[in-house]
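After this come two complexes, each holding subunit A, first together with subunit B and then together with subunit C.
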Partner chain A sequence: MFESTLFWIFATVAIGAALGVVLAPSVLYSALSLIVVFFSIAAFFLLNNADFLATAQVLVYGVGLTIVMLFGIMFTGDTPLKEKAGKLGRLLIASISSVALFALIFTSVLGFNIKQFPASAQWIRELHEQGSTLAIGQLLFSKYVLPFEVASILLLGAMIGAILLSKKTFTSQEPGLTFSIQEGRLKPTLSAEWRKDVGFVDAEVATEEAPSSTEELKKECSL
Partner chain B sequence: MMMSAEVAEVAAVAGLTVHHYLGVATILFGLGFAGVVSSRHLIRTLMCVELMLNAVNLVFVAINNHVNPSDLSGQVFAIFILTISAAEAAVGLAIVLALFKNTASVDVEDFSRLKW
Partner chain C sequence: MMLEAISYTLIQTSFGQFIYNQNLAFLAPELVISLTLLMTFALSLAKTQVDQAKSWGIALLGSVVALVSIVMHYQLFYTGQASASQSVMFGMFEADLLSVVARFILTLGFILILHLSKRYVETRLPSQTGEFYTLLLTAFLGALLLCGANDMIMAFVALETLGISSYILTGYLRNNLKSTEASLKYLVYGGCSSAVLLFGLALIYGLAGGSTSFAVLPQALSQASDLGAWASLAIVMILAGIGFKVSAAPFHTWTPDVYEGSPTPITAFLSVISKLAAFVFAIRLLTPFAGVGNENVALLIGLLAVFSMIVGNVAALKQTNIKRLLGYSTIAHAGYMLVGLAALTQNSLGALLFYLATYVFMNTGAFASAMIGDELLASEDISAYSGLIKAKPWFVFAFSIFLLGLAGIPITAGFFAKFFLFQSVVLSDLGNLGVIIIALLASTVSLYYYLNIIKVMVIGEPSEQVQRLIGEGKDSTWNLSKTLTLATVICLIFTLGLGIFGQNGLLISESAMSDHGATVTQNLR
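Right, the complex of A and B next:
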């Protein structure tokens, strides 16, 4: 009885917060409601005797991943996107396709009926007393040791890839030409030697005539 | 609903069946999918992918607990999904930042260079 009350509370919270993730006007609010979803899923894990996984969920998702997302939002700036036509059609397509997907999965889920293997009372008691950490660790290092090692290689690759990607990537071929982002626009700056080589006399004129938006820059580059 | 007598008995005792969790996970997965399709902001798209991965995690754990609780393979699978989604978020966010550095935009519709 107690468990099912908890389940319904957390189900309501999770679905409401997931709606918030999809529909919130600002991405920042969506990231904050994502935290709520992660914590309620951790509560579902606890209701399913998965205490280690609930802790990992809070640590990895609820804290680590949302902080990464918030950093991403801070780096890109929480500016609202330009209003464009077709928002209604986009929402319509999204809702129709997701309702269709939901109906497909839900009907198959309702028919889910598999032979159950009830655990012994002693096992359940041990699980409740010791937690699932020991059993998971034994499984990870015996039956699933190969996927475990492959996952570590994957993490290493992802780490190297992320570092490479987030290094300063936009380097121009010209040594004197560098690009920076100012007020949301790509701004090229010319070094003094470069300007002298090309023949600019006044530094002020050179920086003022520099193309200020990406469109102008593209035009200049194609000329 | 095709519930066997055995399953129905468990439901009567605990008040909760595996179908409850599967239903919630399906709703979360559908919402995440709707977000991926409808969102124009790159980071929100990434967050909705995380939502879908979490729904799958919930299915693994719920089925593990309700079908065969003496073997915790479902939870180990959920740990692998956790690992992969952490890697995916890191690389995805690095790509978003690199795109933002180059184009000063996070709008999905601005990245149409490969559109045919």
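Right, the complex of A and C next:
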């Protein structure tokens, strides 16, 4: 009784927050509602005795991912989303296929009977008793050690790629940013090469006058 | 003698015992490639470009060593020293003949793609050479592991290793808007398709009674006589995921844009390596379904095949960009291959593997030709190739052979591959004559756009660029990349050679499939 009450509470919260993600007028609100969705899904996992999954959900999605997203939004600016009407035909196909997929999932859930799958039922019973963290840890370092190691190479590749795609390329050997003291104030100057590398559109024009204040420099650097 | 003593001492240690018991030696190609990618990564930190350029040599050396180790492994099968199959690392990886043959073709293809990349990377991405090869090797490692992955978790991790590195490589031309667009599109579509595939695999995991191994699939599926809606849901989701990876319609929408936008060697990589690995994964995952409820699986794959053949061939008719055209042609070829997959018999799967082998060489050759064309004419437009025979007859000859091979004209391997494939499907129980007729009609349609390029090159009026080439004549300062030429020649030899010795190639791929089939039935018992 207690569990089912909790389930309905979290279900309502999850669906409400999910609607908030889609319908919120600004990206920031969407991201904040997404955190609520992730936390309520973590609660579902806990209700199903998947303690490890719940912790991972909170750590990875609830905290890590959303923080990164919020940072992204802060840097790119919280611009209100424009309404973009899709083509009617595409909209029709999309809605038909999603309704069909939902119907397929729904009928499968209705027709589900755990007794049909005795081995799965056995597993679930065992995990209820001993918790999943220990079992996952043991499997990860014995049976699944090969995928575990390959995953580390995958993450290495992903990290290299992320740095590569986001880093600015510098072809110039000269220092890009020089400081000089003028009229008793520190004055930064950007070299022409550096400006070109960073990707100022008006690289030629902009070199005529160096940015006069640090505020202006910051504004240009935040490209 | 000395070596034996050392290996004997090593085997006595507990780590040595572990390596021996888990057959880690059969993972030699993967271990070599991992080591190579770490070395190229270390080199990428080097300051000077000369040091970075060495990473190409290291990558090539690593792949050749991997190739040698695969051949040595094949030797074991040939002399009968290896039993039907060896499971590696707690059954994560199945070192059977199928994995050996598939990895052999894969490594050959990868070496060709390394040859394609050399000049391209040197001229266009000089400051990021090391990272390029590191990521390329990472993607290749994923493809290699996918060929033998016999466990859902292993297969998914391998698939993602292949996928994520490909997303990055697709957007490697950072100043090029099309490349960035391609990368983003590929990332978003790929992420969604992986999620769908994972959902399907999770359902299968439940149906199979809490085991992630492909080995228990046949048993689990034969026990659950009435699989009901769950199984259909799982199969639909898995087929959607696989359909994306092999770029089958209606999951093909990313293909033309990604193929056009990404650096050409990466386009070749996606169309050859990714596709081959994804098909081997599909073969491993779907063979257990051959016994149970196969009508529905066959029907769904058949539908994918028909869609792909129609969409690919019809859309290719009006393409003017050579890379985009080859992109649509890959969709069409995915359709032909899915016809073989739908029959799910040993012969049809053997023919499919042979088709994949020939496709690797024909398509890599076509992309190599497109790269040479791009260097010669500085254009990817088909109209720029007009009248090229007057300036570069040998190039036109090679390109024509690849196009004829893709179209499936006799003497080239493409004809025999198609012939064997369709023949095996007709002879199978599930052979659907309607699908075969559509496949034949589609091949006929494809003749138009393949032959059109040859027509333009041979009898077209010389285009502006070609006239400039003719004008330069022998004084031209332009020099062809040696590695690119070598790759083209090798592709040419294989495209013609696999046609002449097609029967032998088919025999090898069929024995690989019967070995795989034996393992599956063994698990069923």
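In this section, the second predicted complex is superposed on the first by the 129 of 223 C-alpha atoms of A that agree within 3 Å, B and C clash if a C-alpha of one lies under 4 Å from a C-alpha of the other, contacts with A are read in each partner's own complex, and residues count from 1 in each chain.
We adopt the following convention: contacts are C-beta pairs under 8 Å (C-beta built on N, C-alpha and C of every residue); 3 or more make two chains touch, one makes a residue touch a chain.
This structure is a prediction, so every number in the text was calculated from the model and none was measured.
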item	value
Contacts of A:I105 with subunit B and subunit C, given as first, second, both or neither	both
Partner chain(s) touched by A:L154 [first = subunit B, second = subunit C, both, neither]	both
Contacts of A:L165 with subunit B and subunit C, given as first, second, both or neither	both
Which superposed partner A:I9 touches (first subunit B, second subunit C, both, neither)	neither
Which of subunit B and subunit C A:V60 touches, first, second, both or neither	first
Subunit B versus subunit C as contact partner of A:Q116, first or second or both or neither	both
Contacts of A:M74 with subunit B and subunit C, given as first, second, both or neither	neither
Of subunit C and subunit B, partner touching more subunit A residues	B
Partner chain in contact with A:L146 - subunit B first, subunit C second, else both or neither	second
Overlap of subunit C and subunit B interfaces on subunit A (superposed complexes)	105, 111-112, 116-120, 123, 143-144, 147, 151, 154, 157-158, 161, 165, 169
Touching residues (chain side subunit B, partner subunit A) in the complex	1-4, 6-7, 10, 14-16, 18-24, 26-35, 37-41, 43-44, 46-48, 50-51, 54, 57-58, 61-62, 64-73, 75-76, 78-80, 82-91, 93-98, 100-104, 106-107, 109
List of subunit A residues in touch with subunit C within their complex	104-105, 107-108, 111-112, 116-120, 122-123, 142-147, 150-151, 153-154, 156-158, 160-161, 164-165, 169, 171
Contact set on subunit A toward subunit B in their complex	1, 3-4, 7, 11, 14-15, 18-19, 21-22, 27, 30-31, 34, 37-38, 41, 44-45, 47-50, 52-53, 56-57, 60-61, 64-65, 68-69, 71-73, 75-76, 81-82, 84, 90-91, 93-95, 97-99, 101-102, 105-106, 109-120, 123-124, 127, 132, 135-136, 139-140, 143-144, 147, 151, 154-155, 157-159, 161-163, 165-166, 168-170, 181, 184-186, 214
Interfacial residue positions of subunit C with respect to subunit A in the complex	34, 37, 41, 88-90, 92-93, 127-128, 131, 134-135, 138-139, 141-142, 145, 151, 153-154, 157-158, 160-161, 164-165, 167-168, 171, 174, 183, 206-211, 220, 224, 228-230, 232-233, 236
